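After the structure tokens below, expect a handful of questions from me.
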Amino acid sequence: MANTHKVAFKLNGKPVEVVVEARELLIHTLREKLQHTGPHIGCETSHCGACTVDIDNMSVKSCTQLTVQCEGSEVLTIEGFEQGGHMHALQEAFTQEHALQCGYCTPGMITRAYRLLQEIPNPTEEEIRYWMAGNLCRCTGYQNIVKAVQSAAGKLAAKAA
Amino acid sequence: MIPRPFEYHAPANLPDALSLLNRYGDEAKLLAGGHSLLPMMKLRFAAPGHLIDLGKIGELKGIKQVGNEIRIGSMTTENELIWSKLLAEKVPLLVEGARLISDPQVRYKGTIGGDISHADPGNDHPALMLALDAAFVLRGAKGERVAPANGYFMGLYATGIEPGEIMTQIRIPIPAAGTGWCYAKLKRKTGDFAAAAAAVMLRIKGGGTVEDARIALTNLGPTPLKARAAEDYLRGKTLDDAAVAEAARLAMSICEPSGDQRGDVEYKTAMAGEMTRRALRTALSRAS
Amino acid sequence: MPDSVEIREREAKLQGMGCSRKRKEDARFIRGQGSYVDDIKLPGMLFGAMVRSPYAHARIKSINKQKALAVPGVVAVLVADDLKPVNLAWMPTLGGDVQAVLADQKVCFQYQEVAFVIASDRYAAADGAEAVEVDYEELPVIVDPHKAMDKDAPIIREDIADKTEVGHGPRTHPNHIFTWEAGDKAATDAVFAKAPVTVREEILNPRVHPCPLETCGCVASFSKPTGQLTVYMTSQAPHLVRTVVSMLSGIAESKIRIVGGDIGGGFGNKVPVYPGYVVSIVASIVTGVPIKWIESRIDNISTTGFARDYHGVGELAADKDGRIKALRFTALADHGAFNSHVSATKLPAGLFSICTGSYDIPTAYCRVDAVYTNKAPGGVAYRCSLRVTEAVYLIERMIDVLAQKTGIDKAEIRRRNFVKAEQFPYTTAFGWTLDSGNYHPALERTLKAVDYEGLRREQAAKRAKGELMGIGISTFTEIVGAGPTKVCDILGIGLFDSCEIRVHPTGSVIARLGTMSQGQGHATTYAQIIATELGLPSEDIQIEEGDTDKAPYGAGTWGSRSTPVAGAAAARAARKIKDKARKIAAHLLEVGEGDLEWEVDRFKVKGNPSEAKTMKEICMVSHTGNIPAGMEQGLNSVEYYDPPNLTFPFGAYVCVVDVDRFTGEIKVRRFYALDDCGTRINPMIIEGQIHGGLTEAFAVAMGQAVPFDENGNHLGNSLMDYFLPTAVETPKWETDFTVTPSPHHPIGAKGVAESPHVGGIPCFSNAVVDAFAHLGVTHMDMPHTSFRVWQQCKALGIHER
Amino acid sequence: MPAGAEATWGFLQDVEAVAQCMPGATITERIDERHFKGTVTMRIGPASMSFRGDVEVTQIDSGARTLRLLGKGTDTTGTSGASMDLTARIEDAGDASNLVGTSQVSMSGKAAAFGARVVSSVADQILKQFAANFAARVAALGGKPPSGASAAVGSGEPAAGASAAAPAPASQRAASRELNGLALMWAVFKDWLRALFGKSPA
């Protein structure tokens, strides 16, 4: 294989190292080489957000990110949300508010919502709709997703207080 | 949707980037946010032999004020523009424009320099730069030059950058206090290019007449368009309905969009007029 | 009284029908642990990539594999000639036609499958696909279905030029597929001839695509030693697929296992059998290793399972009071290059004849002519039963047109024409028997909720100021739950469905059904049905679907048939078990069965409530020797349910829009949806389905279209152009309901997921057209994009300030 | 054009060479005097596509001094097709002449789906490029060196519509062997600067 690169980064807190072609896309590295199949491939043109992961505190569409760009980065995927057997407030809220149906967009949605709540801890409905607009869902019509993000925000605020 | 193979380079500083660019010349493409280039590569429309990633070059980031000028590193992202208190205060037009670009994830990666340099007719920053009378710092092997935005955009994806040059900084003269602003953009949905968009900067004299107006249009020709005739017409006028209508008419007269799924030439041209009207009215309401 | 409190507590513990039970499915999805087809990785698995045609109609002069075979990692390149020895170059379609698996000598639509490159991974496969050299000779193209049957029209399907029939009835032109009629033409024409009021409108249901977030794909794994073929695939109907695969491969059905797994949305796109599946199967048989094929988004929108493309003409005849006397609907159907739409054999135009809607129309006639064009094949049911959206769109648009012609209010004209509550069961002019309905209260409740009169007053005021505001009403009747085997079969197989229940000694249950969830929450709702029927907690009831080795035969999940058919099978299978349990209880309590009464989770002796046996106790006993003499051990049952009729959910919707006449932008200010789907199993899931269906209706009405240029070039096949609304564009939904149970369904349920799509689309269009009604506009075709709405404004001369 | 109409039209008679004036076209094989096999490379910004196909001279009308070329091919990835229909007419302008041209570009496959926004601009550039290549050729064949860019192109304003007349600047960059928007426009820009300072290009 031509010009392979050794790339080291942190995936959900654990150091990983992969050998990839320069052209390999992060979504493929995560899914094929690192067995993290939570992030999904929906459109391949960076419109749908199903492949969203968190890289160095940014929500990134991993279908439009080269793995070689991740050298030294901190990558968070949906697989990193459950801590010590405890689900993240967003995971709980998505179930409680029926914010998912086929589940295909859910990992990207939750990962994006996580970063949104880091930046705007108590968002209005309008802010949620605007800042979640990089993630498409074909099933829910978003109404319950908005509810879920708001209720998770409340729970997280209560926990912080 | 897999790119062709290429060599990847991640220079840690500008000199290294420049020497790589000079070494590989035509074979090389600069990688900024990648949300225009990588999709083109995945579709195999673009197949550069070498990708030079500017992402690790710290000196290309940041927003600061120097004298009466705002200086923005070319690798500053859209979200960084949106969140900048300095810009919100000094150049709100840029914040309003950035908010209308693509979607949240793309704005974490997309950069102002990349948007300008890619010079896609649908990109929003070129018109914003014309309205703000910005200038671009271009660094080459032989040194640095400053090119005004006005005249920089020459054709489809064609700018005044010379082979071997990298855009390092965007310089924006801080608009006079009380200057009105607006970026009015009509699009089909989040993440879409504009069917038509107008960027307006507006200064009103004490007497309520127009002291100066800058109007630039997005996606209405192979390049962003500066509506000079409309600007000249407005100077000294009271911005009443008739003046707004005439300015819109003059703006429409320079449009030559391509028809596509967003609309035909007639619609896009008409929308150029409507966006100009909207932008002028909003700018007026914000001017003092 | 405390007694009833205790009963209610026991009832609550069951989490049965009627409660908003949280979904069983979610636990894996919120952890990113769903198992979708692209997540599957088998030892030695290779990856396939499709080479597709850039031309809509062209002869293939030559295909050169050499460069592709030289690409590192490429194992093989398959073309039509490689499939012929195994008789798999062509495959049968669900529409009674054949379709090229890989293009044989010519391509008939753009992006048609031409070659299949098998390589070590998707990168090598992509490089290989690019290296396959195909020499094409372009041929004249037919894009407009109205030109398909012109005398000099180029022949698209030379392979069947001599076939006199494809699917249904005689063909009159090489590009003609079928002509289908229903109703009484002569009688209808007679009524029209002397009717005081008639209206006519040309109404297009444009070509759209269901576009689920997950594209189609499969992993085919053939084991040479065992002769066993396992295919993991994105299929809404695994059992039908297994039958088709067996028919065309010659492998015994018992040697084929189709596994559905988790599916990232279907909406009709994942019902048909696609060339990608078949060529992957062949590739696995040839190479002896598993082959994965995953569609790209561009390929998905360009080639698999489009919907609609019905070019309709609607006509109504009425008296001067707006009472409809006759209906005459026709449609020209563009089926693309192969007749691979999904339809019941006897219903080539699906359920189009439901087009009399919610109205009492004595005389009616409809006709559909289907033709070939140089476009992708398909014609699937996009979140509806086949052709029901087309039918409902026509009638709900036409009754508005009639209202405008007669000057009658759009709500009032519906009141005047509704089938009345006392008329149910009501048989339509086309012979469908509407099982139950109660239309008037539904409409009145909705009008009251939105203050309809107030909205009309506001609209009048706005019109006086030159502003555009539209109020849309839709009072639709759906037809779902295909269906009775006497009317509905695919490839000869009746559209019954099934449920097998196994009760274990400790009272836990496994139930397997022939359907296939794609997000509808079957694992949650089927368990609720069984829980209520058996008095065992739904938490202890495991639902399994989609693995043809485990589940009993069924036609799958599409056309809102899961609850009406498989849900009924589940209830009836449970009742068989309950009957046996009653016998055991009587035996244990030493009373006659007639002395027992059922209470939530137990059989009690009438008049002696302390004497009772719980279902849990009976489960254990049924596995011992202490059961009535001659009775078999165990508590298992299987039910194959052939519904006596379809079910007919209905609803009353109102949509309010504001239109910017200078840009054509439309703002949906309000959308109120009242649905009646009969007995409600899980209100939370029902509401979720309605939100989703309304959002897809919004997408179709306001932006979705699959556009082509005159050369057959696809102009909108990525998510850059194809309209999937985000949270920003999507309106907020208000939902409401009434309950009118189905008399023939064991639990009175009707199915709901498609109503909001079918009923929502005309509601949006009616609102948009209503905004222009005072200017004499009676119809505007979808999608109502700003561009198109502005063109309407321009035609009226109101687009400038 | 730096030569009279008749002379310039004369230059047009070498059809094979003229065919090579089609932007980015390389004639790889001559089938007969009107049919050629060749490749066309298009470069628009970062995008670059190579089409393998045929170039046909569909019309030579000495009376109207009109030549028509048709290029057709499938790109090397096999996912797109393109055709260019280019008409060139020589108009009398005293001791000089004008080359008036129109070009129709149509795309198929992925290029059609993703290129719609830019096709008309591309057609326009092809036309300018053809004119530039042709002018360079006329000059090379002994005409006077062509004069600087005319206002229409020289002002640095965006390019005119797809069917506009397009007098073109002659510059070695402009006469590049591929459709290269950047190179062409940059050459135009340079000519414009030279024009500003009253110098004529070498």
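Should a chain be cited, it is by its letter among A, B, C and D, assigned in written order, with residues numbered from 1 in that chain.
Note that a residue touches a chain if its C-beta (ideal position, glycine included) is under 8 Å from a C-beta of that chain, and two chains touch if they have at least 3 such contacts.
Just so you know, these numbers come straight off a predicted model, no measurement behind them.
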item	value
Chain pair showing more contacts of the two, C-D and A-C	A-C
Distance from the mean Cα position of chain D to that of chain C, given in whole angstrom	52
Length of the line joining the C-alpha centres of chain B and chain D, rounded to whole Å	30
Rounded Å distance, chain A centre to chain B centre (Cα mean)	29
In chain B, residues with contacts to at least two other chains	1-2, 4, 44, 103, 190-191, 260-261
Junction residues of chain C, two or more chains touched	122-123, 130, 296-298, 715-716, 718, 720-721, 726, 728
Contacts with 2+ other chains: residues of chain D	77, 79, 110, 114, 116
Pairs of chains satisfying the touch condition	A-B, A-C, B-C, B-D, C-D
Contact footprint of chain C on chain D as seen in their complex	74-81, 106-110, 112-114, 116
Residue numbers on chain B that touch chain A, as the complex places them	1-8, 10, 34-35, 38-39, 41-42, 51, 53, 55, 79, 102-106, 108-109, 190-191
Partner chain D, residues of chain B touching it in the complex	29, 36-37, 40, 43-48, 118-122, 151, 154-160, 193, 219, 221-223, 225, 256, 258-261
Complex interface listing, chain C residues touching chain A	22-23, 25-34, 36, 38-39, 41, 72, 121-123, 211-215, 262-265, 267, 294, 296-298, 518-521, 684-685, 687-689, 691-692, 694-696, 718-720, 724, 726-728, 730, 732-733
For the chain C and chain B complex, residues of the former touching the latter	122-123, 126-127, 130, 296-298, 662-663, 665, 703, 707, 715-716, 720-721, 723, 725-726, 728-729, 785-787, 790-791, 799, 801
